[in-house]
Each structure stands twice: as structure tokens, then as C-alpha cells.
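Order as written gives the chain letters A, B, C, D and E; numbering starts at 1 within each chain.
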Amino acid sequence: MNHVEKQLYAAPRNYLYLYTVAFILTVLFVWSVSAVSLNDVKESGLSIAVNIISGILTPDLELLLTFNSNGVAYLLVETIAIAFLGTIIGSILAIPLAFLSASNVVPKPVAFLTRLLLIFIRTVPAIVYGLMFIRVTGPGPFAGVLTIGITSIGMLSKLYVDAIENLDTSVLESMTSIGCTTMEKIRYGIVPQLFSMFLSIMIYRFDMNLRDASVLGLVGAGGIGAPLLFAMNSYRWNEVGSILIGLVILIIIVELASNKMRSKLIKG
Amino acid sequence: GDSEEGSANESDNEAEASDKENSSADSEEDSEEAAGESIDTLSIGFVPSRDPEEIITATEPLKELLKTEMAGLGYDIGEVEITVGTNYEAVGEALSAGSTDVGLIPGGTYVLYDDGAEVLLTSTRAGLSNDSDDPKDWNDNKPTEPVDEQVTYYRSLVIAGPSAKGQELAEKVNNGEELTFEDLNSASWAVMSSSSSAGYIYPALWLQENYDKTITDLENLVQVDSYGSAFARLAAEQVDIVVSYADARRDNEEAWQGEFEREGSIWDETNVVGVTDKIYNDTISVSKNSEIMTDDLKTAIQQAFINIAQTDAGKEVISIYSHEGYQEASSSDYDNERSAQEFLQSLN
Amino acid sequence: MIEFINVDKVYQNNVKALQNINLQIDKGEFVAVIGLSGAGKSTLIRCINRMHDISQGQLIVDGVEVGKLKGKEVRKFRRRIGMIFQSFNLITRTTVLNNVLVSFVPELSYIRKLTGFFSKEHKIKALTALDQVGILDKAYVRVDQLSGGQQQRVALARTLAQNPDIILADEPIASLDPVTSKQVMDDFQRINREMGISVIMNIHHVEVALEYAERIIGVREGQVVFDGKAAEVTAEILDYIYKGKAEEILENLEGEEAYV
Amino acid sequence: MIEFINVDKVYQNNVKALQNINLQIDKGEFVAVIGLSGAGKSTLIRCINRMHDISQGQLIVDGVEVGKLKGKEVRKFRRRIGMIFQSFNLITRTTVLNNVLVSFVPELSYIRKLTGFFSKEHKIKALTALDQVGILDKAYVRVDQLSGGQQQRVALARTLAQNPDIILADEPIASLDPVTSKQVMDDFQRINREMGISVIMNIHHVEVALEYAERIIGVREGQVVFDGKAAEVTAEILDYIYKGKAEEILENLEGEEAYV
Amino acid sequence: MYDKIFPPKKIQMPNGKTVLEKRSRTPLVIILIMAGLFFSIELTNFDINQIIKNGYKFYMIIEEMIPPKWEHLPNIWTPLMDTIKMSLLGSVLGSLAAIPFAYLASSNIVKSNVINTAARIFLSLLRTMPALVTALIATFVFGLGTLAGTVAIFLFTLSYVGKLLYEQIENAGMGSFEAMESLGMTKSQAFRQAIFPQVLPNYLSTSLFCFEGNVRHAAILGYVGAGGIGLLLDEGIGWRDYASVGMILLVLAITVFAIETVSEHFRKKLV
């Protein structure tokens, strides 16, 4: 046996680990497949689904082109306002939470506790937050703003933490060599790096918040969500269609713009 | 910015209010008008019990009506804000927290949130051509039509659909047989969310009274988001039974043969297999925790709505809820509902 | 003048990085420190501006004993010594000018520090520094859009803006290609000659070191094994500085049996 | 044998990277291509295995006209030509062995391709290749834990495992330090001599090029301005190859007015 | 444009050279953001005073949730498992299906603008479709219950992971991809060998993040009859039984925590 073959057999064997993971995954997968039962599938249900889709595809253009406070255009503007303000509130609230849960910034136990808190914040569904805020503000877009704000915190702080943990700290070394204090290092070494990253994350979340407009509808929190839900509940699918068209156009515009801005922020 | 706007509008409205001669306002109270209190905004919450989209547009005139009416009763209201909650809880919570002043909510919701809400009025509506509690009567006298008589209650129906199971149950009922719980349990049911009076609570009571069982004892039970959805599923034969307010079939008559693509009419294809107790109509309730709420204001609101319901314009507005008038109500009117809820919650 | 007197440096993990160093570097010298990877070059340089504390001995810079400085004094002391790193260590995602302006941060008033507005004089000083290294035209470009050589020049300008007496450079051309390297080394030379700033530089490229530096210090296993004029360096001396390990590496390569 | 006949290469942005190239490189040669940054060295090399398409002229490798190859043929053709990159281009986050094994991927059955399981023979071949470049002992180490020189050797092993006739190397030592560079260059030389594999290499380090290559090709502004034995290269020739641009760069630096 | 309106400032240097300093865009951006804020505040009736005044009311529901109603726990298991099952299945299938779409959407791999744009628009449309609408339609096609929920989650996961994945692919180092091509691999082989391992850790963590999000979203899907724990949640809210809601949320939070921990484990393994 020459040294090449020897090396062949020296391969570290983590097969046990791999097989265990693979086995667990398979079991989980099979188990989850049991959620699927095909016997509920009915022909007539399909035809209703087809009707729904064709309803969506033949939108009520009148609604789309109405420009009063019940028209899609106005509601979209309101939705933008809700998402914008909500994103800003969420982004601001997420900053301290992100720093407190970044394990390279604060001690481990603090990071862990903050993480738990974030999980709780994330777990409460928008509909429950909606109810909580309606108690504070009454129904309407204001409650929507706060709901969007708080539901954004989870993802925002997670992405913030990633950015914080990927900070380029080499610059701090050179600032030390210039004779900067810790505060100066943070202000000039860290903030500029984080600023554009955070901004880009915020823009991304804004884009998502616009899409979450429909969830907002559930709690009567203004914007396009409520009409969308009402139209759905009363099976006026061509109205749903016109609302969705408005939403799609808006979101595609926002996505294009936000992609541009984000890449500009990150790549310069 | 809000308060400024409010006060700016106020003067306009005052002018307006004195311009218009109020037909229905009491002339005695007219004299108090000058010394009237002023309220920046009065917010009214509606539940989405009918077609929310229509509620929004149809209730638009209510704002002016209410302002005029309240002005006549000595209250200058800067702005009437109307919101339609997407669910009952939103309106209930807002009312109990005092972030909404007035709520047009069902009795069930009122009872659930009565820690913070006080009922002022019960609506009256046209009765139906059928008011029997025997399901067979409903099937023999189809379709059901509204009549002139005003009532303060409605009923919920257990309706069997066109599926084989549904037809089988309907057959039995129409032959005068009593359905057993096994019969009912063998069918699949669609119910509304658990706080819905007609879509959950009263059917549950019906089961309790007749079979000593409750809804959660049913094996094939699904919850759906709206009555429209329930009937769509009934038409699609995804479920055999839906529970809904008595009028619902009239509301879905068109869709049945349209979007839901059924051959026969809704009256031919569905049958009533159960009729629940009387359900008290929607209430007009006010918040106990609202800052502006005083006893005088409550009386004024009470009076204003009764007056509005007597004008033609007002009738048209409230017809969206199939309200035709209002009667004063008190908390004890809802004791039945209370015990029903207590009972249901005790099952959980 | 920099003076090492019997300096030792032991890292926390008990690695003896420097042993008994005795050196004297005069103002205006251009010194290249050469030696194998891990020989202790970086440690040597970093002790000078107290990025690392020495463990034993004395290190005196312009009459001040570095080890005795405290808090604020250290920072003040560091301002007189510029430092250049292999990986440039610039603030990414901001402009060249901002990177140079950073060197004025410690001088700013409290409000300016917070808002980040620099005065016109500072801007002019920073631009002048950029001009000295020939990248004035890139002043408003984001640093991540520059080539490696240009980035190193920004770092150089940042250091120049600091108006230092001494520049410490830790392998400033290691990640540059030869053409760019030459330009950067020329910059160093010019700065050294025209402004009389001492330059102490770690460098892997022996031929470059010999070309630009006046004096070569050879470090091997934490000890100074050669110290003399660049012109005096012979192949044997290089062999001596680099040998110990070079052989080891070769041995490793030709090892008969390989284990994981 | 590689033959360039009147080859032109124009990039989509209308940059004329190569102009009228005529070259003939025989089997077993060790050729170094030198020239300034942007001269077209990389382009020249990359045309050979059709990583770039040429715009004009003919490029013939072992009797096959490269430009005429289609889809599958191109891939088959590329398998005979190894390529080494300046930045090694290894698959990070996986072991050295896996990096070498990928060179067998195009030969694998469909299922193996997907699952990534390699046969024992392939593994032995890969290990042998690692042995040839002397890093057999690192076979199961993750590549990101290796030094630059070791990483380049992994790349070399990957290419050797491919069993190529020709190796194209694009600045293989640009990011290595001199000691490691030497080791890697020695590897290239050994492979060239012992296995008779042709090596065509872009290189910035002229002195290294002169030491290892038999033949030097000087490229300037997309044209071959020198082609001859390494021994024949004089200072004037180097000056000629590099000059044009060096001046330009200097001019640039001293430009009077700077705009943003 | 901007520079025309606000001409660059000239900075005169002592040695006679001049530098043109472009006017900073920051004021413009600040003005835009301020305007956005102003309009948003107007439109949404945002009023900070109301928060200060009524803020305490926010906690009332939370207070009622604590302590959670432990007796509710036995009712939670089955629907929770249903929720996890449908989220798991939907997330696994969705993440897998996202790979080909992300591949097609990446401009550095597939060099066809038409295909890239088509794949991106598809993903974007899918993402815009509110989960509630997809879930509702799915209940008609697949019946009321978890299958419909699974389909809705599948589609959402596909769109979300697909978008993030293609962004990661576009940011991946192309060096090794190039090397693979030079070895004679096809594009998809080179992708499998060189790009996929690079994006794998992020792909896994995105998928797991999405899975975790889906468990939470599944809570909402109950609303349209798509099964799972959402029904129970809805019931608790409907009855104002916040102690039960609290119990459900606690169980959900523990589930989310478990998923996150597993996710961290694998990410550390891979990076």
C-alpha cells in the first residue's frame, strides 16, 4: 500500500453524522407528507377556482381608474404611506435590538435574552398586534403604521445583526493608529459602513411591507388591505383583480427602484 | 394638524347646521343649540356583517345626517369618522378601549366587550315570510321573502347543500323525520369564526338543546372566512352543511347560478335542516371608556339614531344593514346571549 | 529617533515574538525590515506606536518612553506616527476624501465629530495630501471603486494628512502588482526624501527593499540578525536571514510520508 | 501545437484587445507572456481554450480550428487544456480533495454528477495529482485553511488531474509571496519538463519569467512586440515592451488639473 | 442633472490647483425623506400624542395573555403539528423549486436578458400575490385543510427564497465558475460545482428562516380555512380568550426558537 492509498483510507469519516442528518430529514419529510390528503380535491371546487382566477384576470378597470378616496390609486398611496412610516418606525426600533443581540458587541447572555425577546416579538401575528394597536389608536391607517412597524422588527434586526457581524473591523485598527478614541472609532469607522447597509436593508423591507398590505387588511388597519379582503369575502374577484393589478404595478416599480438604490448603496 | 382642521370645519358646520331647517329635531331642544357642546370627532365603527365595501360607500351620507341631527340635539360635531373593521374583534377592542366612540355591532360582540361598551339601541328590521322553528316549514314555503312587520331579532339556519349527503338529510327532514346526531355528524359542516352569532354561537346552542352536543363534537368541521365563501363551498359540494343567517340564501341567490355555476336555483338545491333560537339584532353601542362620552351625549346619540331612522335618507343608509329602525335597549336584553356565550366558553 | 533597548515581546499565548531587540533609528531614515513570515516583523513595527505593549525592556521615541504613556497621551503620541497596512484598512462605502479626513477626527470639536462636517481648511489639507500621492482626481470617488494601488495611496494620503514624523508601513505592497508597487514605493521614497519623514517598512520583496531602503534590518525568529546599509546586503546575508525556515519548508515538501 | 493566424479580438465595448496576432507554440514549450496591465495578456491566453471567442483570424490547436467547435466539442476540447488563475478560483468551503475531484465531473454519470459521489479510482487519481504537487497531506483540509501558495498548488493539482496537454496560467504567482512563488514556479517547471506538458503563462514578474521560461512573448496594446528566447531578452527589449504605458501613467499622475 | 442645478463648489488649493466638489446629495435626500414623512403622517393620521396618551392600552392584551392558559395545551398539539407539517413540506418543496428559478433569473449564469427578466417577473408576481388570496384559491382546488395551506406556503417560499437566492448567486465569486468552465463543464455542472457550494449556507439559512416564518404565517392561513393552528388562534381571538392565545403564541415561540437553533447549527457547520 503506497502513501497515496494510505491517504485514501485516511479520509475523515463523518458519515455517521451525515447519515443521521439524512435519516432525520427523510423521516421529517415523510411525516410532513401526511399533511397532504388528496381526497378533498373536488372537480367543482376546481371550476370555482377557475372562475376566481378568470375574475381576477378580468379586472374591474373602473375601480382601478377611479381617483377618489375609494379608488385603487388613492388606497395605494395610503398603503405606501403606511408602509413607509411603518418601515421607518420598525427600522429605528430594530437598531438597539440588533446591537443588543449581536454576539460580537454585547456579552453572550444579553445577546441571548435579546434574541428571545425578538422571537417573541416575531411570533405574535400581525392580527394580534393590530388588535393591540387598535386599542391605542382606533381602527385605521395609524394602527396599520404601528403594526407594520412592529412586525418589521424581527426581520430587520436579523439582517442588521448580519451586517454588524460582518463589519470590516480592520479599519478600526488603523483608526487606533491615528489616535482615535472608541467613540470616534464608532462614529467614523463603523457608522459609515453600517449606514448604507442598514439603509439598503430598510429599502428591502419597505418593498416587503408593501406586499404585506393584505395582512394588514385583517385588522382593519387601512390601506389597500381592507378593500382587498372585503372584495375577497364577497367574492367580487374582478375587484380583487383590479386591486392586485394596482398592487403589482406599484410593487414592480418599487422593486426596480429599490434594487437600483440598494445596489448603488452597496456597490457605490 | 388634526385639531386645527377640526376647529376650522366646526365653524363651517355651524353655519350649515343653522342653514338647514331640521325636520325631525325637537324644537324644545333647538333652544339649547346655541349653548351646545362641541366635539372634535365622533368615531363610529361598523362591523363587516354585510358587504363591507357597500357599507363604506352607503354610510357616507350618515356623517352629514348625524352631524345635523346632533346639532339639533345640542352637539357640534366637527367630524364624523366612519371605519369598517375587517373583523368583529377590531371593532370590539376599539370600542372597549375607547378609541372608537360608537359601534354598530352585533349583540354577540356587544356581550363579549361589555366591560367597555354600553348598549343604547337595538335595530329593528323587516321580518321574513317565515318565522317557524320547524325546518320543514322553511322548505315548504320557498323562497323566503321579507315582510313589512318590524322585528328585533333574526334566526340562523342550518342549511343542507346539493351534495349527496346534504340531499339525504334534507329528504329526511322533509319527510318529517327527526335527524339524529349521527346524521348530522356524518355530514361535513362549514361554520364561521367562533364569535359569530349566526355562524357559530346559535347553531352551537341549537346542537346543545337538541342533541346535547356542541359544534366541536362534529367530526367534519371547517371554519370559513365569510358567508360567501361558505356558500361557494356548499355549491362546490366541499361541504354538506352551512350555518348562516336566515337571509343569506337571498343574498347569494345570484352567485349560486352565476359564479358558483350551479344548474338549479339556490332555493331548489338547498334545504333547511335546522332553525335556531331568535338572535337579537345588531346593537348601537357606545364606549364606556371614550373620553368624550357623557350621559347626555349617550342620550343624544340614542335620540339621533332613532330620528335618523325615521327620515328617508336615513332609512336608505341603514338599510345596508337591513336595519329599518331602532329601539332603546338595555344590557339585560342580552342576558340570553350572555348565558349562551358563557356556556360555549365553558366547553373550551 | 526611535530606540529599542533590550525589548522583548511575549504574546499571551506565550509566543515569544521579539527577543532582546536593540535598535536605533534616526529621524529621516528609510528602513526596511525583512524576514520570513512569522519572524516578528509586524510585532516589531506595531510596538513602536504601541499597538502592542512590549513585555520587557524600553522603547523610546523622541525621548518619550512609550511604555509609560497613559490613555490620552497614547492617542496623542500615535497622532505623530502614521501607519500603513497591507490591507489598506480604509472605510469602505465612503469617498476617498472622507477617508483622508478621518485623520483629523481627533482634532475636531465635539459637535463636528458628531455631525461629521469638516471645515474647509481640513478639506484643503486632505486634498493636498491626496495631491501629494497623485490621486487628487479621485477625491470624490468611493474607495471601493479604486484599484488596490490607488487604495494604498489613499491610505498613504490619510497618513500624510496626519502630518507625522514617522511612517510605519506593514507590507504596504504585498497585495499590489509590481507596476503599482513601484508607484507606491516611489511615493514612499518621495515622502521620505522631500518631507524628511522617517519610514519603517516591513516588506517581503527583497529586491524592492534593497532598491528603496537605505538601511535593512533582518529579523529571524524574533531577533535582529542583520542591521546594515542596503548596499552591504549580500546573497549570503539574505540566505542567513531567510535560511532557517526555507529549508524547513523544503523538507516539508519532500517529506516521505504524509499524514493528515 | 497552438497556432494563431492573424487573430483579432474586439470586446463588445469595442476595446481592441488583440490585433493581428501571429504565433506558433510547439508542444512542450514553456512560454511566458509579459506586458503591461491591459496589454491583452489575459485575453491572449483565454482565447486559446475559447473562454473568449476571437473576432477575426484563425486559432488552431493541434490541428483543430478552435473557432469552429460547437457546444459539446468546446467542452471536450477544454478538458485537454488546463487553466490556472491568479486568484486560484478554488471552491471554497470544501476540502482540497473535492477541489481536485471536480476535474472529473464532466466524465461522471448523471447520478454521480448530482449526488457528488466519486469512485475510488477517481479519488486515487486526484490524490496522485496532489502528491505530484506535494500537498498530499492536506487532502482532507478545507481549502480556505491553506496559505496562498498551497491553494495555488491545489489549483495545479486540479489541472494535473485533468491530464492536460497544455496548461494555461494567468498570473499564477501574482498573489503569492516570493518564497511560495518560487515553489510554485518550480512545480510548473517540473510539470513542464517531466510530463512534457506545454505551459503558457502570463506573468508580471519579469525576473521570474526570465528565469523559468524558455521563450518570452511581449505584448503591448494588443500586439506581439517581442517573441524570442528568454536568454535574448535585454533591458532595451523590456523597456520597449513596458515603456509605452509607463510614461502614460506618469503623465496621468502629474496632470495639472483634477476633475471629479 | 443635479449638478447642473447646483454647480459644484470650487476648492482652491494653496498650490494653485482647483478641485471641484460636487454638491452633496444629502440635503436633497433629507428633503425627500422629510416630504415623505410629512405626507405619510398626514395620510395615516399618525399622532405621537395618542401613543403617549394611550400607549398603556397596548399592554392590556399582553397582560391578559399572561399567564397563558396551560389547560389549552392539549388542544394545541394536533393543529400545531399540522401547521409544522404543512410549513415543512411547503418550505422544503418551495426551496427546492426555487433553485431552477433562481438559476434562470441570475444574469451572471444565464446570459439571456429575456430569460432573466421573465424569471424575475414571475418571482415578483408570485411574491405580490397575497398569501391569503393564494391560500383561498388553493382551498377551492385542493379542498379545505392543510393541503391548501401547503400549496400557499409552497408558492410563497418559492418566490421568497427564489429572489434571495438569485441575488446571492449574482454576488457569488465567479472565479471558480470560470475555472469549472475551463475544465470543460457545462454551465449547469459548473453551477452545481462552483456556485452552489458558495450560496449553500445562505440558501439553507434563508430556507430555514422562511420555514420559521411560514410556521408563523401558517397561523394566519387558518383564516381562510387552510388548516393548522390558525383556526385555534382565530377562535381564541374571537372569544377574547387571550390567555389561550398566549398559550398558542408561547408554543409557537418555542417552535420558532427550536427551528432557529437548528438553523444556526447547520449554518455554522457550513460556513
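Just so it is clear, a residue touches a chain if its C-beta (ideal position, glycine included) is under 8 Å from a C-beta of that chain, and two chains touch if they have at least 3 such contacts.
Which protein is which chain? UniProt says A, E = Phosphonate transport system permease protein; C, D = Phosphonate transport system ATP-binding protein.
If you're wondering where the values come from, they're calculated on a predicted model, not measured in any experiment.
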item: Contacts common to chain B and chain D (chain labels); value: A, E
item: Path length in the contact graph (chain A to chain D, fewest steps); value: 1
item: Greatest separation from chain D - chain, by CA centre; value: B
item: Dominant interface by contact count, named by its two chains; value: A-E
item: Separation of chain D from chain E, taking each centre as the mean of its C-alpha atoms, in whole Å; value: 42
item: Chain A and chain B, separation of their C-alpha mean positions in angstrom; value: 37
item: CA centroid of chain C to CA centroid of chain D, Å; value: 33
item: Interface hub residues of chain A, defined as touching at least two other chains; value: 3, 7, 10, 12, 40, 42, 45, 48, 131, 135-137, 140, 218, 229, 232
item: Chain C residues counted as touching two or more neighbouring chains; value: 131, 136, 139-140, 258-260
item: Contacts with 2+ other chains: residues of chain B; value: 89, 93, 97, 99, 225, 229, 232-233, 236, 238
item: Every chain pair meeting the contact rule; value: A-B, A-C, A-D, A-E, B-E, C-D, C-E, D-E
item: Chain C residues touching chain D - in the complex, by the definition given at the top; value: 36-37, 131, 134, 136-137, 139-141, 174-175, 177-179, 183, 204-207, 242, 246, 249, 253-255, 258-260
item: Chain A residues touching chain C - in the complex, by the definition given at the top; value: 3, 6-7, 10, 12, 168, 170-171, 173-181, 183-184, 187-189, 192-193, 195-197, 265-268
item: Partner chain D, residues of chain A touching it in the complex; value: 3-5, 7-8, 10-12
item: For the chain B and chain E complex, residues of the former touching the latter; value: 1-2, 88-89, 92-93, 97, 99, 112-113, 190, 193-196, 222-225, 229, 232-233, 236, 238-239, 345, 348
item: Residues of chain E defined as touching chain C within the complex; value: 11, 13-15, 17, 19, 21-22
